[in-house]
């Protein structure tokens, strides 16, 4: 039984980890920490978990407490994992970071987007970007995982087959993305209030969202060249879910591909992936079809058979976009069956 | 043209006042204040009002600024109106307080429920509880109005005809009420987040809500004797709206009343009221039917012709439950047609 | 491995059965039927189940098809199980009916409320009302289960401890209940549209809901005398969830009970029940805390220590209020561990 | 006082017309028709209008009934206005059609997209496409108005300044649009149910939506050349609102424009338009800011000063996207002040 620690367990990715691990047959929560809620029982903050963690309480996040774990998840704001990850690795633990701390390869780039110096640049060389469908082998050997962000997961899985095959232009990519409100976290902000975010739609952070460099880094690595991306996130009045609508242009050399060819590119790329579902050609996935599930559903469109290809990709931002993907990484790191604890179907209706 | 001041204009009752007064033919906003946002344009915080108040900015709340108004609305947390109302009255202005500061007749009772001493007990004797359907004449002469709370408006209008006619028992009243989330205001609290209040229903403050003494005071006054009330508010995943489900018992002497008799009691009581709509016998009003409208819709039920009567009453908590009722009071105080600026129909769908 | 058949699998209780059974280690779907969608793949109607049932298709509902099952669930409108249940029982299968067909003991009462003659009165004597917390032993031996309705589950579990102990009056019970829209099923009705049911609250079927006689029958059986109930259901703008707010009166003989005594009545009654959670005294359960989970959470209030007791009970109407309770019954009937396949925590946020 | 008839008054655009005209000082409803609900009172179907239309009832839609009107609005499914419009025009009435019947200039194109022959091709030459900001003069003289569709209104207003000035390429336009569920109308369809459309996001009709040719026709006319458009509509879990995210490419000759220049293009184009609001450069309009209001809010972005320009445009699909724009057309046709009856601010929260 793998002993799991969770640092920063009061946010939405923290509680989602607890929910998923409650059903995991080979992992159990050993420690959960929260600086502000130390001493409080998990069940008092999250009554949904009363049956599963009747006695578990939040502790102070420190090395001594966490030392008894095999692996520690960080479900914290950025900057926190920088401070603790090194110590934990030195103590022989593995670290799975759900925050943005180790996602960008370049410490200066990180500093620019996050407005503070990178707190652990020495660890960057060994940090593995934990997108299992792209980097499964590195994950198997990794001690430190940077779990991809929610938008980056949807966009990268949506475009990976096309880039890996060299079928699309690296310039002029448009990612028009729509996210549920849980992406903004559980902190008390006016913009996340029911009466502010409900019954309304808006774009935000156009051209300046922190996931922009992460997506660009990932796509460039897949493309083998620098890509240029326009990324427009939108706030959508739903709790969970990301819908990525991706507009890309076929290269001249790929224009002769038929619909069946394009569909086959996706199906063959993901045929052995348990957590990516290629839907029928030109279908329209709904975010609710993956609610609570560790799954990315993808459908491909090509209006009028032209050079523009539209990829629709949906995930649950808290599962395949965060905690579920974290557990998937853990399963891979520890040599477990990759789907353990992640078999649930989407909650519909 | 009546010159209106609004103290505390950044909350939901404040912006609702602005929306309503934008269409009022005989009143206009002269001053709006906000301690935290002084200097900021209203249109920058509320883009919905860009066309109607392109230049209006928040000012500091003080007497000099407000002196140029005829009437000042308080759309503030409790305690604020205590501090300023006296000065404004002395300066010859009238005051319409949307907060709870002057609703309870008894300063000690107020102190008990609000956890602080009453800040202006000397003003209580002249404060008028501004439920126009009950106290229109006093409102006409008033200088200081305490606008009823949202729950108290729905419950009192729902039961007033029965109490005034002496038809129901004063004991064992149950008010099971459901409110939209805007009732909790625009402050950043975890419990009001989209992801906390959405897709869920819960009771709260059972037996301890601050509207309890206000309702009891009002009903007792109508009944001519002390009433006993059980009041259970529930948080409902919608932005606006209150649905009061009221359970009362007919007196022995009233058991012989027919359905038609009971319905007539309500219809005759409210036949001249523009803002109370008695629906057909045993119908079910929807809160959305009054969304954005200054209206209370009421329907009466009597299951199996027994001694229990159920009254269903719906309002928009921000309109008839707050700002709209405030404007209605203003119209009465200034001798205007009572419906001015309040004619809009509910926004459906 | 238990072979399960589902008749009427396209509605919400049908798809919920599929979702739950997908994770059940000792049961699997053998047949699923739908008269209107025979031949269609389940995954085409419910993409959320593409990974779990890639090949399963709807078949015509007839004995020959269903004969290869061990147990058949009916997830059908009322009247359908009447026609088929007898044949299935004769063929040696067991039947778990999620519809209302066998819930009322009295065929005439059923006919009165459902507006048609009872289609299988001969089966009533052996049908067991499948509320496991009340009738576990009968369920173990049963061939035909009538799974309780959603409202009846919440109301009966909320009041059972008080009635069984004889602590409350049998008259004057008020059940003010709030349900999510999925309770109305997946049929295309104007009243269930997003733009009709969204952002609004209303009562419906006051005094005339079909769950009324079912609740009365159950409570009377617990009380050992005929109870009188006022039941007011409300439509709430959320997908899943029932919140029952129950008002009952302590008997004179019970007035001396302390809060701790009352709380102990509930805790001891349910201490061995995996699917009933007694929360701390005077807390307020949220429906979302049981979203997707087979659980009833209960909290007890007694305002001002008076004779009125308020019980708050929440369930997910599709799980503990329907399909989950059906699986719980199946587990009991087949001698399995009662919690198999039902261990998931509520989906929060 | 203009006498207004409404054909097809039971849908959402019909009830929205009633709501708007209830406050119009120079127009009143003379006749409202509904084939299915003839004889029923409007207030019985729409209790929100009980105060405003206490006696109005639906009538059969025929010439004799409608003859007493000055103008008739069609709020009907496509095909209905084809059958009646000619007769009404011959009888000297004016017609404002909210349906798609006269939007496309080419009868064959219409037949192709709507799957049936055009029913009144002879009227096409005089029908005016009622986008007032583009065709005010023609509207003044028109007898027959085709009110633009909801998506087309948002997209055309968003791009009109750029096309009229010749600043953007006519190829490669992407309109990623998000609509509330009321765009699907009030008919009972499974896909529009609360439990299907709620808490989820999906694209639909990718490349095949009927508004595609309408948008293309309008943009081509503005551009003076044939444009090519990719239009991807998405269903969003909110009742009202359209958010259009528009991606266009500056021509080489326009690349030297500064941000201020681009902003000025929009501001000067719309400076005299009461119902188009150009927001500050690179801001993000929310759909709720126009809820219930006849307004299109627009904001312009240019990420990194490149050749791609992003225009964000929001409307309420039932107001500026349908009924409000219809009233705006009526005001223009009858020489009234264009804003009459359309002054309300957006309902926030």
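Note that the chains are named A, B, C and D in the order they appear, and that numbering of residues resets to 1 at the start of each chain.
Just so we're on the same page, a residue touches a chain if its C-beta (ideal position, glycine included) is under 8 Å from a C-beta of that chain, and two chains touch if they have at least 3 such contacts.
All values reported here derive from a predicted model rather than from experimental measurement.
Counting C-beta pairs in contact, the pair that comes out ahead of the other among A-D and A-B is A-D.
Taking each chain's centre as the mean of its C-alpha atoms, the one that lies farthest from the centre of chain B is A. We define each chain's centre as the mean of its Cα atoms; on that basis chain A and chain D are separated by 39 Å. For the pair chain A and chain C, the distance between C-alpha centroids works out to 36 Å. Averaging C-alpha coordinates per chain places the centre of chain A 45 Å away from that of chain B. Within chain C, residues 12, 182, 186, 195-196, 198-199, 237, 239-240, 285-286, 288-289, 291, 349 each touch two or more of the remaining chains. Across the interface of their complex, chain B is touched by residues 12, 181-182, 186-190, 192-199, 237, 239 of chain A. Note for the complex: chain B touches chain C at residues 172, 174, 176, 178, 195-196, 198-204, 206-207, 230, 232, 234, 236-241, 243, 245, 247, 282, 284-289, 291, 301, 303-304, 308, 310, 312, 314, 349.
Interface residues of chain C, counted against chain A in their complex, comprise 12, 15, 18-19, 22-23, 46-52, 182, 186, 199, 239-240, 274, 277, 279, 285-286, 288-293, 295, 297, 318, 343-349.
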